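Data first, discussion second: the structure below is written as structure tokens.
The first chain written gets the first letter, and so on, giving A, B, C, D and E; residue counts start at 1 in each chain.
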Amino acid sequence: MLRLQNIQTYYGNIQALKDVTIDIEEGEIVTLIGANGAGKTTTLMSICGITPPRKGEIAFKGSRIHHLKPESIVQLGICQVPEGRRIFPGMTVVENLEMGAFLRNDKAGIKSDLDMVFDLFPILDQRRSQLGGTLSGGEQQMLAISRALMARPRLLLLDEPSLGLAPLIIQQIFEIIKKINKESGTTIFLVEQNANQALKLAHRGYVMENGRITLVDKASVLLENDEVKKAYLGL
Amino acid sequence: MKNIKQSLAVSLWFIFLTFPLMVVKVNTSDQLVQWRWMNILWIGLATFVLSFVWRYALARKEARQMAAQSGQDEQDKPSRIQALLEDQSLRYKAMIALLIFALAFPWVFDTYQSTIMISALIYVVLGLGLNITVGLAGLLDLGYVAFFAVGAYSYALLNHHFGLGFWTILPVGGILSCLFGVILGFPILRLRGDYLAIVTLGFGMIIKVVLENWSDFSFGPSGIANIDKPGLFGLKMDIAASTTYIYYIMIGLVVLTIIVTARLKNSRIGRAWIALREDEIACVAMGIDMARTKLSAYALGAFWAGMVGVMFAAKTTFINPASFTFMESAIILSIVVLGGMGSILGVILGAMILILLPEYLRAFSEYRMIIFGAAMVVMMIFRPQGIISNVRQKYEFKGLKEKSENV
Amino acid sequence: MKRFNLLLVALVVCVSLASPALAADTIKLGVAGPHSGDLAPYGIPAMKAAQLVVKKINANGGVLGKQVELLIQDDQCKPEIATNTATKLVTQGADVVLGHICSGATKAALGIYKDAKIPVMSPSATNPGLTQSGDYPNFYRTIASDDMQAKLAVNFAIDKLGAKKVAVLHDKGDYGKGFAEFAKKFLDESSKVKVVLFEGITPGAMDYSSIVQKIRRAKADVLIFGGYHPEASKLVAQMKRKRMKTAFLSDDGVKDVSFIKVAGAAAEGAYMTGPRDLSSIPLNAAATAEFKAAYGEDPGAFFKEGYSAALALLNAIQKAGSTDYAAVTKALQTQYVDTPVGKIKFDGKGDAEGVGFSVYQVKGGKFVELK
Amino acid sequence: MEYFIELFLGGLTRGSIYALIALGYTMVYGIIQLINFAHGEIYMIGAFVAYIVCGVLTIYGFHGVSILIIAGLLAIVYSCAYGYTLEKVAYRPLRNAPRLSPLISAIGMSIFLQNYVLLAQTPDFLPFPALIPDFEFMEPIAHIIGSPELVILVTTLVTMIMLTVLIKYTKIGKAMRATQQDMSMARLVGINVDRVISTTFVIGSALAAIGGVLVASYIGQVNFYIGFIAGVKAFTAAVLGGIGSVPGAVLGGLVLGLTESFAAGYISSDYEDVFAFGLLVLILILRPSGILGRATKQKV
Amino acid sequence: MSDTTKRTLLEVKGLTMDFGGLRAVDSIDLTVSEGEIAALIGPNGAGKTTFFNCVTGIYTPTDGDILIHPKDKPTRRVNGSKPNMVTTLGMARTFQNIRLFPDMTVLENVMIGRHCRTKTGLTGAILRGKAARKEEQEIVESSYTLLEKVGLGEFANEYSKNLPYGAQRRLEIARAMATEPFLLLLDEPAAGMNPQETADLDALICRIRDVEKIAILLIEHDMKLVMNISDTIHVMEYGKKIATGTPQQIKDNPKVIEAYLGEETEA
């Protein structure tokens, strides 16, 4: 479905991604794990066209997208839940959700998706007209995911949804990710630091170190891989 | 083909845009409408051609940036002038030639040329002063002319009331203006950049209003006349002699400013200013006292404006508030930015160009300001670093030398 | 080294360009004033007047048998530029100077002319200090000073309008504030009226509603305004809008066709002082006709004053028999000359004797002189 | 008391014009952190276009309200076109440049546009026709508040309400808010940020044009220089209210207008500008981000 | 680990920092002793950088005490001191997202660090007297020496923005060292480095402790580095400290493993 081939991305003079190749099949949950600063977020930003790669190719369903503008990429159905949630703080919950559906024009569809999202996260329903900035961390994360869902994505990119959240909430969120994948068949590309959780959830995993992919395998295999443990705990 | 279409569209758009203002001229009292259809043609043609140039220039700029990013460092490659500047031996030769030229100037040219040159030199000092505040320390000041006014009025008033002479007031004017800078700067320097800009702009305007209204103090809008010219041991001089004399004082002042600003720039304090411009948080984390450093930059910038304000009053022998408008501040700021922020040579060149060009292009005087405005925009788009971008000093240290000698 | 040579060549070229063409034997008349920028409308008519006068005199054999040469310089009405232009005129060897136009620029330039012993005659600088302070013995003008205008305006307000309470406003400018301060002084000296308000307004401000309300509250029956027509138009328009009956009395800066054009109906009935109506003087009609023939339009502000000044200056040289400063000065002060502003000579301070002001009123969209 | 009301209404009128122009500054600043120095010139161009259109229409025999409507609309159209072009030419190429560059470019643009109008038209003051008729019913209180003031206040109020609706409830308004709050996130939800910025300039320009036409017909004159003073004051108002905040701009405009009016009325109009800027300095010292501005904490 | 008689340099007691309703740092106790490399680890968002910002004066903590015990000087409480004061007192830091002065040369960046230890004023700078020149020379020499120490000598006259990432991090360390601190606070010094660079950094940090006698407190995610060099490790999660100990103790602490690899919950 999505194919990154040997992409290289720079920030100014600094090369952040070095020949990264990733394949994601339709309906899969794929996770990208790695330490801070390994280049995981950059990978997502490259896919979304915010920091387009200087070399290499990104193809979505067979057509190349790495030269497109971010809004065109979103239009294709690739949506991101960025790191740190990035809720619009001065907009209400409903408005934030509407922004997620920015490129859609079917009023009825948006309405029913709103209900769907509120079903998924009842707490957001209670907070409807509260400003995004006043929500708690967990609620913001739920809102961020919901906002992305409002675009009816074919491919959902999640950047560290567990960041700074309490374990109970993390668990809740991961379950919902699973549910989204199962029920609507949305392909999910999950970037995580929380390797254990992520690998348990995913079908396949990639391990990233210093801008390179160092390991690719089934998630269950990676979960048992000593290299992964080592990379994380320096054992 | 695509280009032609694009340019055609641009040209049509501008014809539409300029239609009412360029084509129609109404005389309501005589009930006449003047249709200047020829203007459409000119606008159309001009924008058609310009859009080509514009696109080409933008594309070139982008290509350069891309090249720079992929590590080829094209952008940092100094321009031809800069390469020349860095050639040490040539630099000294050029400096000596320039100095001889400057010293010989009043003997070679007539008095008028000298007066024009004095005006330009006044702006050189103003530019260098503002360069400290804006170019080095990064504090945007849109009311710099206020300090210029403080200097000019200190001399005019002290001379008028107490008969104090030019040489006594020259430093006093600078110091007064410096104090003024500190008093104003103290409450406002914690403001963020753009807020600082509007507040300084406000101060510039307040000064003018006060000078206009407080007649008992400043003699109001009619100004102060018959200010003494600088004296030389009580010698009586005719116009030509005193102009030459003022010219030399000005040259001295410029040289002093250049030396002082150059030394400051490459000193502990100058480095702190530049660091402050680049990153305030990193700066305080390195133990630099932000408030003090900012204030010193602000006050020192004001100091030069005050000194040269005294000079200005002595040269014109008459001042009134009309000389201290926002436009002056804008021109001084343009000198700094067009010349190249932080670069001393750039600022000097900027002042010379902006002040001398209009003098010699009197024929274009109607179009002067519009060209000036357009040049500012074009310059910012295609060469935001100014005519001469700031070159950082290269330091010598024993370690590296020894190493290279050993090799 | 090549570069060095280039520099030398450049230097030589500069020098040759800059050195003035050596003086042929002519009488040099300098003309300085704003010829560009937004104040150009005040400077160009005087410049054109000088050109017309010189053309005519040269056609008739010139002055003292020599041709008259014009040296024209733009000072943009800025003091600092005026000193530059003055220096330029002095270095070019001007014998007499017609100018400058604005009082501030004139003050800044006069010192330079004084040192060079050059008589200067302005068609427009009305600041009283220029003649009355005694600082500028070389200064003359063909227009009356502000205090005369103010005196006339105040007398008119008291005697003809029967003012009891007067508000005085000005535009904080050199000219306007000077006029207003004199008006206030003369009003204070009179026991019949009270100055109920004396304030400056900001030129270019969005509106003057507060100050207009203030005038109304002060119950002033006459408003004396010192300044120019844009602010005056705004004031009269807003006063009319507030249904005020206060009489509006202003100065020469307002007596401009633009005032009537811009203020429209609100201008009706406004009073202003201005140079006496000179249409009865034959030379005036002739000069105007000359201008119309040459440029196909009506002459603008200070045309006849400029024309008169040029005539007076050249006449004085003719009468003095040389361009010597003392002789010319003496001729200016003793010899009468016929000009578009009347038959004039100058007093010891430099003011023209026989030049005066009248009060005008806007009636039916025209300035009408009140006798 | 009557005097107080008069001054209050006068200040309100002036303040609402400031507010209209200030909105353009504040919206642009909110999104791209640029002081659009040339915004005052857009206001001036609006007034000038309206003047030209009125002149032509009057000479060709049109009358009354039709002139007002056509002139007003064309003024808005042209101001928007100028605003749009301004952004495209002078600011967009500088999107990633050092902070001072677009500011200098803006000052340059301001000088350019002033002189363009001066050269293309005239340096003189021109009489602007009184487009707003004197209403019969206003006559009894005309000395307190005239018809033009009433029209200005009502128009401003209506414009503000429309703007609020636009920003709060329309798609483009929400996109503008989203872009202001987090530009890169806005792109991630598919908002075309460039288009939003252009739209912001266009809306700001339309507001300035409305202000320009209202003021010109209120005071009855136009000139190439009117934009500068109005621009500086409006910008002051925007900063006063907290730049970037839409209600802040309105509040700042009104506060500034009222301050000037009361200061001139009760103290002296000599120092009108001193009071205006003094207030600004005072408020910034007490609240460095303006009355309604949000304090931004820099991330370390 | 050697014995524990070493002097305490930094003593933090009950440090708490609230942002609005959010408690980012929750009563943390922590000490750093002379000659020690202490590490502060924990998942993203645990409050480590906020802790740093409180200690270095960028934030004023809501509650708690930060005491420093410089050598030969009295103990001081530095809560709410301005950052430049903290640096002058002897604690210098680096930043997570590198904060160099990009348009200054590498050497000048370090020279800025010398600012608070030198004293040439305006007059000195203008007159450039003997003392000023000597001091200036001293600044250049000592800064260059520092650059050599971190292995950047050859880049001295480059613009710092043109350095590779790893070198920029090392430059930040050199700049902080130029302020002559007794304690160096490093915020993720290894982030974005490749294994070779990380290994070099490893050696550099040890050298700073052993040769320069500067104690170090660092935040780091690279566990290999942390485990290799730290004398003491403090672990934070959700603003609270959950563990302190030697690398071995930390490795074996189940709470830490849980925090890092995620909870071993059976879904």
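Heads up, the rule we're going with is that a contact is a pair of C-beta atoms (placed from the backbone, for glycine too) under 8 Å apart; a residue touches a chain by one contact, two chains touch by 3 or more.
Fair warning: this is a prediction, and the values are worked out from it, not measured in the lab.
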item: Lowest number of touching-chain links that must be crossed from subunit A to subunit C; value: 2
item: Chains linked by the largest number of contacting C-beta pairs; value: B-D
item: Chain whose Cα centroid lies nearest the overall Cα centroid; value: B
item: Between subunit E and subunit C, distance of the C-alpha-averaged centres to the nearest whole Å; value: 73
item: Inter-centroid spacing, subunit D versus subunit B (mean Cα positions, whole Å); value: 29
item: Distance between the centres, which are taken as Cα means, of subunit E and subunit B, whole angstrom; value: 41
item: Length of the line joining the C-alpha centres of subunit D and subunit E, rounded to whole Å; value: 49
item: Junction residues of subunit A, two or more chains touched; value: 12-13
item: Multi-chain contact residues (two or more partners), subunit B; value: 28-29, 209, 213, 281, 366
item: Of all residues in subunit C, the ones touching two or more other chains; value: 37, 172, 200, 202, 261
item: Interfacial residue positions of subunit A with respect to subunit E in the complex; value: 12-14, 16, 35-37, 137, 160, 162-164, 166-167, 170-171, 174-175, 193-198, 200-201, 210, 229-235
item: Touch list for subunit E against partner subunit B, complex; value: 56, 58, 82-84, 87-88, 92-93, 95, 99-105, 107-108, 111-118, 120-122, 124-126, 128, 132, 135-136, 139-141, 144-145, 148, 153, 156-157, 159, 162, 175-176, 178-179
item: Footprint of subunit D on subunit A - complex, ascending; value: 48, 50, 69-71, 74-75, 79-80, 82, 86, 88-91, 95, 98-100, 102-103, 147, 151
item: Interfacial residue positions of subunit C with respect to subunit B in the complex; value: 3-4, 7, 11, 14-15, 18-20, 35-37, 74, 78-80, 82-84, 87-88, 90-92, 103-104, 107-108, 110-112, 115-116, 127, 129, 135, 172-174, 177-178, 181, 200, 202, 261
item: List of subunit D residues in touch with subunit B within their complex; value: 29, 33, 35, 45, 48-49, 51-53, 55-56, 58-60, 74, 78, 81-82, 85, 89-90, 93-94, 97-105, 107-117, 119-122, 126-127, 129, 232, 235-236, 239, 243, 270-274, 276-278, 280-281, 284-285, 288-289, 298, 300
